[in-house]
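What follows is a set of structures to go through.
Both complexes below contain chain A, partnered by chain B and then by chain C.
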Partner chain A sequence: MGNLLGRSGRYLRMLRRLAVHTLSRELMFRGNFLVKVTVEVLWLAILLVFYKVVFARTNQLAGWDEPQYLFFVGCFFALNGLIEMLFLDNCNEFAELVRTGDLDGLLLKPVDEQFLITCRKFDWGCAPNVLMGAGVMALALYDMGWQVSLLRVGLFVLTFAGGVALAYSFMLMLTSVSVWMVRNQSLMEMWWLFSSLARYPREIFSGRLAEPIGMFFTFVLPILVVVNVPANVMVRALDPFMVGLVFASSAIALWVSRRFFLYALDSYRSASS
Partner chain B sequence: MTPPEAIPRGLWLRKHAAIFRASLAERMTYRGDFLLGTILRFLPMLTTILLWRAVYEGSGQSQLSNFRYNEMIAYLLLVNISRMFSSMPGLAGGVAREVREGTIKRFLIQPMDLIGYLFLYRVAHKITYIITSFIPYALLFGVCAGYFDQMPGLGTFAAYLLSLVIAFLVGFFFEASVGMVGFWFLEVTSLLYIVMTLNFFVSGHLMPLDLLPEPWASLLRLLPFQYMAYFPAVVFLGKVTGLELLKGLLVGAGWAAAFIAISRLLYSRGVRRYSAFGG
Partner chain C sequence: MPIIEAQGLAKTYRVAQKKAGLAGAFKSLFRREYREVKAVSGVSFTIEPGEMVAFLGPNGAGKTTTLKMLSGLIHPTSGQARVLDHVPWNRDDAFRRQFSLVMGQKNQLWWDLPAGDSFQLHREIYSIAPAEFQATLGELTELLGVEHLTKQAVRELSLGERMKMELIAALLHRPRLLLLDEPTIGLDVVAQAKILEFLRDYHARRGVTVLLTSHYMRDVEALCDRVLVINHGRLIYDGPLAGVIERFSESKLVKLRFETHAPEELSEFGDVARKDGPLAELKVSRSRVAAVLAAVLERYVVVDVSVEEPPLEDVISRVFQEAEPAHDAA
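This part shows the complex of A and B:
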């Protein structure tokens, strides 16, 4: 137990130092940082314009009314921002590390390979997304006259963390495939395509053909629950089964993705001389 | 820097055929990854179809801004074809990198034109992309055939093909022009991110421009970006016909010509400004 705590403390200290180091690097290129933030503001603006266009023509979308859907948009933006800030850039570089053989250097370090490969850099340019997403969520709660409920807030934080863990696990598995494919297309694009499933309410998967697909992406590859459950917990019906599903599936996904990642590393053959 | 000297036509053809073959082979190297990417590319389409179905059901209307539900889905499928022709991943960033790292000098000392080389390279990539994604796209369009209420006539189809060529030309020369900015700023990736993000919206990739309130819809239809996604799709759907269609094609060709001129001008000015040090 003491050993485990010691290890966790060591990794937390390392994470803090990596965060500070990447922040100081980021601040050396302030112009670049500002551009990144501008792009993210533009994305949010596009999402909000789209949402406004849609709700100018309807007052509900798959059972979500306007403020509820606005909350969903904010939740997606914040969660995706957090994933991009912590892991996307790191995972995106993995293919290049494999292709060039530079992965050898990282594997020789006395640090857990998964930690070093997926957490070594913070993309601070995505940090404002988390704040902007939180801002949109706050605005939506204000719009709907939300009554404060500590139970809902607590469950929201926990399911949000579960959603991050799930998304991280899927990203890690997609990253690991690079060992065999020696990827040409960027993981960033692959991730954007795959995560498009998490971008909309789960209820749109209705009807004879869509329902089985929705079930598959809820219970087999549960990408649909990543944003849906935290958003539901906060502003719609509180479904204990779905909350439990997020906790169970995130724990399983973390374990499976780690095994898959280690298996991929076993198949890695250095490309360097 | 003096321009490359004229070379015999036979040699010119052999040289460009070699560029084309090499680009084709390069593209086929990563086919497994390419196939995975193509499969994943259908997921946003699936969610988009379901989302719009929910929007139409929620609105209780059969038509939104002159688009019936079937037409909306057909439009969103067709913009994928438009973007297949007009998107140029890595083009502008590649040009800027050639300038920054100095590798552009191979185009300055050899009898090879940078824009001509990039153009053929891109044509080869587009051809392999279209060939390799033919089966998945045919499958997608086959499954979604019910959304196409009627197929366009021969004339409309010819105009559609022409609009796709315009989409390719506008997309290529617009992005090449952005890349040429690298002669002045060296790093254009950031600028490119902003341009591409805006392009996704203003080209009509996200939704038909008609859905936007006025004056935004009319304003965006005046810009060249609509030719990269919106215009070919509405031509196929028969929403632009007669004189309006002819005018649209001519204006699109005009924009393509304008971007060809801009990219050429920026290249020649950029080369004059360019300086490289070291071996």
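This part shows the complex of A and C:
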């Protein structure tokens, strides 16, 4: 137990150091940083205006009323922002590390390879997304006159973490393929597909053609549960089966993606010097 | 107990082949052909603690591939190795804490930040106690004369300064084994000399085991008593540095200084390597040195004479040139 705590403390200290380093680096290029933050703020503003226009003409969207949907959008924005801040840049850079052989330097460090490769750099330009997402969620809860429920808050935090774990595992699997493909530009396209699926309520997949797709992306490749379940837990009906599905699928996905990542690293050839 | 033990270490790569042109590119989309490249073929050697050993070979001989297997970066196709009493490619943390690999062509520091920031990260990664970290950092920066540069962004440092910072980062955790892959590549003579002097001093102080690859014989002569020569993935020599010349050079250099101009007919005695006024240098096969000297001294008035081994640089370069075309290994 003491050993585990010591190990966790060491990794947390490393994470803090990496976070500080990357922030120092971002601030050295503050023009780039400001443009990035501005674009993200505009992107959220456009999204909110769009849904405002939609809800001016209807009371419900796939069974979600306006404050509920606002909460869903905030949840997506926060979760997506967190993933992009912590992992997307690192995973995207992995193929380049493989191609140039710069991965060598990381593999030689006495640290878990998955940690160092996927958490090395923080993209601080995405940090405002997490805050804005949290702000939108708070605003939505205020709008609907939400009554505080510790059970719902606790389950929201856990399913939100499960959603992050699922998204991270998905990204890690895609990243690992770079060891064989060397050039892996498809990662961004696949991530775009992932976030496009995750950003809408599961209920939009209704009808003879869409329903099987919705089922596939809920139970086989559970992308649709990533945002849907935490948002549902907080502002709609609490479905224990879906909560269990998030916990089980995130645990399995984390295990499978780690095994696959380590298997891929075993095939690493390093680049010629 | 040896610090490095390699037994029949071999690595074969499967390399995709593509015919030239667009048709070849389309064909390779559906049916890709592969060729097997033997980068390292059954290399065996041991290195004892505290040794400084040079690993020599032409480009593509398998030096870097061997270093990468010994550091655990890649798995061998066959063979065994134990480094610091660990199987390197298991990459145990306990193993990785005890060695460093410095590659002259790779930058491991954070490019946009001062080297001091990267050193702090190393402190966390290797769990170095603050007092020990400060003491080691102070010692290393002083030895390399870079105390004033640790707060400057790495990208603003010269190549020589960057290599010094790379060495500091590699030594902060006081490794028992240092693997150096072309550490002076691209450096000017002054920077090279400083790095070599540092490595010599550091080895004397700490007794670290060093395995070095370099194309500069100056590095090898300055640091190593023992060399491993590898060619086509096979170890062709393992022994003292002086023995390389004996093993690969059949001739010696006879240096002569005549009273007046060096005579024209010197080529009768051997290959004339140099002729400049009264000075001349003859390459003579080892077995004929005594006879040639006697004949020259009998026929001409010689003011000064010496018999020397040919420069290591020349011997090694001849060994490399005589090699068949190198394959694609690192």
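One rule holds for everything that comes next: the second predicted complex is superposed on the first by the 269 of 273 C-alpha atoms of A that agree within 3 Å, B and C clash if a C-alpha of one lies under 4 Å from a C-alpha of the other, contacts with A are read in each partner's own complex, and residues count from 1 in each chain.
In the analysis below, contacts are C-beta pairs under 8 Å (C-beta built on N, C-alpha and C of every residue); 3 or more make two chains touch, one makes a residue touch a chain.
Source: prediction; values computed, not measured.
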Q: With the two complexes overlaid on their shared chain, look at chain A and say whether chain B and chain C clash or fit.
A: fit
**Q.** First, second, both or neither for A:Val53, with chain B first and chain C second
**A.** first
Q.
In the overlaid three-chain picture, which partner chain does A:Met181 touch, first (chain B) or second (chain C), both, or neither?
A. first
Q. So, A:Tyr268: does it touch chain B (first), chain C (second), both, or neither?
A. second
Q.
Output check: A:Gln147 vs chain B and chain C. Expected answer is one of first, second, both, neither. What do you get?
A. neither
Q.
Output check: A:Asn3 vs chain B and chain C. Expected answer is one of first, second, both, neither. What do you get?
A. neither
Q) Does chain B (first) or chain C (second) touch A:Met28, or do both, or does neither? A) second
(Q) Looking only at contacts as defined up top, I'd like to know whether chain B or chain C touches more of chain A. (A) B
Q. Can you give the closest approach of chain B to chain C, taken over C-alpha atoms and in whole Å, for the superposition?
A. 6
**Q.** Doubly contacted chain A residues - partners chain C and chain B
**A.** none
**Q.** Parts of chain A lying in touch with chain B, wherever the complex brings them together
**A.** 31-32, 35-36, 38-39, 42-43, 46, 49-50, 53-54, 56-62, 177, 180-185, 189-190, 193-194, 196-197, 199-201, 203-207, 210, 213
Q | Partner chain A, residues of chain C touching it in the complex | A | 13, 64, 68, 71-75, 91, 93-97, 100-101, 103, 105-106, 108, 110, 112-113, 117, 120-121, 124-127, 181-182, 328-330
(Q) Residue numbers of chain A touching chain C in their complex, please. (A) 10, 13-14, 17-18, 21, 24-25, 28-29, 101-102, 104-105, 107-111, 113, 266, 268-273
Q | chain B to chain A touching residues, read off their complex | A | 29-30, 32-34, 36-37, 40-41, 43-44, 46-47, 50-51, 53-55, 58-61, 64, 187, 190-191, 193-194, 197-198, 200-201, 206-207, 211-213
